[in-house]
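Presented sequentially are two complexes of chain A, the first with chain B as partner and the second with chain C.
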Partner chain A sequence: MDAGLFAQYVMNGLMLGMMYALVAVGFTLFFGVLDVIKFSHGDVLTVGAFTALAAYAGLRALGINSEGFELAVMLVLATLAMAFLGMAIARYLVMPLRSAPALNTLLITLMLGTVLRESVRLFYPQGANPKPFPALLPRASLDIGEFNLRLDNILMLTAGVLVIVGLQYLLNRTKLGLAIRAVAQDEETARTMGINFTAIVLITFAIGSGLAAFAGVMNGLYYNEINFGIGLYLGVIGFSAAIIGGLGSIYGAILGGFLFAGLQTVGTVLLPFASAYKDVFAFAVVIAIMAWRPTGLIQEKISERV
Partner chain B sequence: MLAIATVYLIALLSAEKQILIIALLLAGIAVVIAAAWFGVLEGLGATFADHENALGGWAIIAALAAAAYFYDNHFVLLLVITVLLYSVATLGLNVQFGYAGVLNFAGASFFGIGAYTSAVLNTYTSLPHVLVLAAGGFLAALAGSLLLFPVLRTRGHYAAVVTIAFALLFKTFLEVNDVLGGPQGMQVKGMRILGWSFNDNIEIGKISLSFYMNYFVVGLLLLVGAIILVRRLERSWIGLNLDALRLDETAANCFGLDIARWKITAFLIGNFLIGIAGALFGMVGGFVAPNNYTFADSLILVSILLLGGIGNPWGLIVATIIVVVVPEKLQTIQEYRFLLYALMVIAVLLFRPQGLLPRPVRRYFPGWRP
Partner chain C sequence: MTRIPYRTAVCVAAITFGFAAWTADAKDKVKVGFIGPLTGGVSVNGLGGRNSADLAVRLRNAEPKAKYEYEMVVLDDECKPNVAVQVATKMAADKDIIAGATHYCSVTAIATVDTYHKFGFPVIVWGAVLPDITYRNKYDEVHRVNGTMINQNDANAELISKLGYKTVAVIHDTTDYGKGHNEYFSKALARIGKVNVVGTFGVTSDQQDFTAELTKIKALNPDIIYFGGLTPIGVRIRSQMDKLGIKAVFDGTSGIVSDAYIQGLGPLAEGTLAFREGAPTDKLPGGQFFMDKYNAQKYDNPPEAYGPFAFAAMEMILDSIEKVGPDRKKVIADLADVKDRDSIVGKITFDDHGQNTVPIITKYVVQDGKFVEWDDSEYASGKRKLPGQK
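The block that comes next holds the complex of A and B.
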């Protein structure tokens, strides 16, 4: 294969992988602190992207046209709003069901996802149609042979890496991160050590949902279009990525996200006559991985308690 | 009591005016809540449990009565058939999830396998259509057996992702596969048994019955068969084994149960039931398309299971009626129905997490009290 084309595929794969990884990290964070799967995560992403779009429309209405400033406001607004939404979901839907079977939590968050998705479709002006998302990043690009290196892609990748590194720093180097890890490891012991369990859970949900909003804005900037269904798709992929990586492990989620994007890209390249089968291929490999490593690539330490 | 419920259902199904429907729905909810408040429901439940066989008989009569009332109404009969077949499918899920504890988030995919089987076999072969139904079940079970290895090795959330991945894979596969019609789907020829074409209206003297009546009878037979099968299974030692498996795998293993064997049994029986229901559903609808068998539809099946109360066939039927009929009848709020439906499930999960009719303790002899 031509090197330029190859580089193009790698770049696409990296962009997709970054988005999947950001979503997957959310799943794995929630699972870490509460041992629950919050399936509305993908739809929180949708709401985040639409919040950003609404903020953009608002700024335009106010007559502000500086692209950098607009983007900053959109990101901050979307992230904050979703952080609050995530906290509210955790407080009023997930925490009350802690003693119920895991399936109930899964189902209630799925249904909440439906509520969010339908609300966007019904109540956002013309929410049922795909919406154009403004291209706010610099559009400069560099042609290297057949490879078209776009500046906005590089900026997004860098931003994604920075976010992940920042999260890593937060979790491993700060007191808050220590508390989150303590709660994830053992809730009761963490409580006896004076950690405010509820607050930590809420903060974790805020962080995860904020990441989802970030991924949503990134998705909008990458495709220049958003619709009310993106969250469902990204949510399921993020969940699969978190699972194949191994739930509860941040590195696992990142690995899973990039692995899934890699699989899709490989599927496109290897099956040129039937690149439509790329998702079939990717999900088949996911099933195979689950058969091979039943608790994910980076395995959770589980011991059977009798 | 059942008679009142039947009349209520008939009224609901025949009501055309939206205000009337909403009023009927609210009245129904109010009556149930009031009955629960005054403690009538427990007594009623106990009576039902004591006379389960009689209840079954009356339920069949009630279904027949409802169908007879709507003998020439295509739309309502289609709705009733949908309820019957979805009930069969959720009974299949119930064996997997309610008894053996094997998660399956790809119910609609196996349903779709059944439907596509009937589409392909009816178009390209002249296999008798009763056998086609069975073939739908077998193929669904066969496709399920592809998943056996990962399903057996994984647990909990990890098992969920296997079936979720399968559901997405299946839908994408259907969409891009040209042989199976791609996104447009396929036509399915109507059912025909011993030269009796099911797609003609039945003429008896001057009365002409809707052709859906044929399918209704087959669907009802299927549901009765499925309920008897599931009930027998539950009361037998197999059911006991499956329960033990679900409640504590390790302990069941210590007592010498072969976990893999029983999980496989439950998974395949469940898929078989779902596949048969799907095959008949394909023929009833006359049309199959990938969009009818998405992950969201699988979720609807699972939520029926939870709404009805896991493990209780009667609860499942009630929940299926609610889930299938209510959105169809609420045309005024057509746009908002998914929203309301999702909110309803959230409310049930928050306030009655065990489902509407929770599974009672297994009874070996009707009427027997310890």
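The block that comes next holds the complex of A and C.
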């Protein structure tokens, strides 16, 4: 294969993987602290992307045209709004169901996802249509043979890496991170050590949902188009990525995200049959991995099920 | 003591007067049905169709000469075959509903024809273009006012051959709809024999990322990317083509002829080709009348490309009921014999499969944010050029 073309595939795969990883990290965080699967996560991403788009429309209406400033405001607004939404979901839907079977949480968040998705469709002006998302990053690009290297892709990848590194730092090097890990390991003991359990859970949901908003904005900037259904698909894939990586492990989720993107790309490029089966291929491999390592590629250090 | 007789008197009076008023000018109520995608990615088209059918019912109800008062029952097929079968069954099983204008999506229309046949429920399809809907079986219940995808793909293949293009890559969604487009387009190209298909890619109808397929297509370097599918993924593919620096002409089908396509892409939509059966709304015999009446109702959504067909389908149903009465069997018999019937989309003639034989195909190109008829466009006159146009 042509080297330039290969580089293009790698770039496509990396961008896709970064978005999957950011979503998967959210799933893994929620599972870590509360042992719940929050299926509305993908749709929080959608709402985040639409919040950013609404912020953009608002800024334009105010006559502000600086792209950098617009992007900053969109990111901050979307992230904060989704962090708040995440906290509200945790406080009023997930936590009250703690003593109920885990299946109930799963179902209620699944339904909430539908509510969020359909709300965007119904209440965002012309929400049923695909929406153009502004290209706010520098559009410079470099053609190297068949490879079209775009500055905006590099910026997005860098931003994604920084966010993940920042999250790592937060979890492993700060007191808040210590508290989150403590709650994840053993709720009872964490409580007796004086950790405010409710606050930690809410903060974790805020972080995870904020990440989803970031991924949503990135999705918009990358494709320059968003629609009310983006979260559904990203949610399913992010969840699968978190599972193959090992639910509860941040590194696992990241690994899972990139692995899934790699599988989809390979499925399209190298397999002889039509690209329509790339998802079939990717999910089949996921099933095989799960059969091989039921707890994921990177297991939680302390498994409660031992 | 006096209060009770007083009240009774009032009641009796009210009932008597009410009854008198009712017998004086109330007409018998007749229910008709509408099914389309009201939620999901192509819901703009469904809502446009619903509004248009609703308009037909309102106009009829406003007519003093109409024999019945019509009520339209609206159900949502979500453009999903499994949901469509459920709602079709629900509608057909309700004996009060006499007939229906049904389906924009081919996948839902083809999934439900057996249901309508089983229940003896007459329908007129208003938007779906898969030939099999009318031609796979010979069901007396199933009719269609719009044309099939065979004609539009013939016109498509002819135009790109005429423009001197040599190579095309095909992307189609893997539903019956997309596969049908791929089949008829490839057949038409093979018959003309001037344009080669260099690669065919099936994609799922809710796919988000097409960069892998498009990178592969970029290496094949085709003049044209043909797309057999609906607006939502059409928008994504066109915008991702640009991201990867692909300069090929984007050549779509009737599935992308909608305002949503242009809204979703902005300036990137420029130069997109698309084909649709029937004439554009403003050139239809009743186009002006339809748009005036439609705008007067102040609906939230535009009628979109197939609104006039939904209007025509519903009008036809109402005409039949007026003529033969609210009886499914009689309506079917009446619809079996439709020849040169006037409608806002032109004369309608059903063949023995209930298919309207619409000969006209309109070729479109997007110019300055509008779907413009190809022959009227600056691309046809040579003032502007598509990428690679000779």
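What we mean here is this: the second predicted complex is superposed on the first by the 297 of 306 C-alpha atoms of A that agree within 3 Å, B and C clash if a C-alpha of one lies under 4 Å from a C-alpha of the other, contacts with A are read in each partner's own complex, and residues count from 1 in each chain.
Simple rule for what comes next: a contact is a pair of C-beta atoms (placed from the backbone, for glycine too) under 8 Å apart; a residue touches a chain by one contact, two chains touch by 3 or more.
All values reported here derive from a predicted model rather than from experimental measurement.
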Clash-or-fit label for the pair chain B, chain C on chain A: clash
First, second, both or neither for A:279, with chain B first and chain C second: both
Which of chain B and chain C A:188 touches, first, second, both or neither: neither
Which of chain B and chain C A:106 touches, first, second, both or neither: first
Contacts of A:118 with chain B and chain C, given as first, second, both or neither: both
First, second, both or neither for A:9, with chain B first and chain C second: second
Set intersection of chain A contacts, chain C complex versus chain B complex: 118, 274, 276, 279
In the complex with chain B, residue positions of chain A that touch it: 31, 37, 93, 96-97, 100-104, 106-108, 110-112, 114-115, 118-119, 122, 236, 239-240, 243-244, 247, 274, 276-277, 279-280, 283-284, 286-288, 290-291, 294-296, 304, 306
Contacting residues of chain C [partner chain A, same complex]: 39-41, 43-44, 47, 174, 200-204, 206-209, 211-213, 215-216, 218-219, 231-232, 235-236, 239-240, 242-245, 260, 263-266
Chain A to chain C touching residues, read off their complex: 2, 5, 8-9, 12-13, 15-16, 118, 121, 126, 128-132, 141, 143, 146, 148, 150, 222-225, 227, 229-230, 232-234, 264-265, 268-269, 274-276, 278-279
Touch list for chain B against partner chain A, complex: 103, 147, 149-150, 153-158, 160-162, 164-166, 168-169, 172-173, 175-176, 250-251, 295, 299, 302-303, 306, 335-336, 338-339, 341-343, 345-346, 349-350, 353
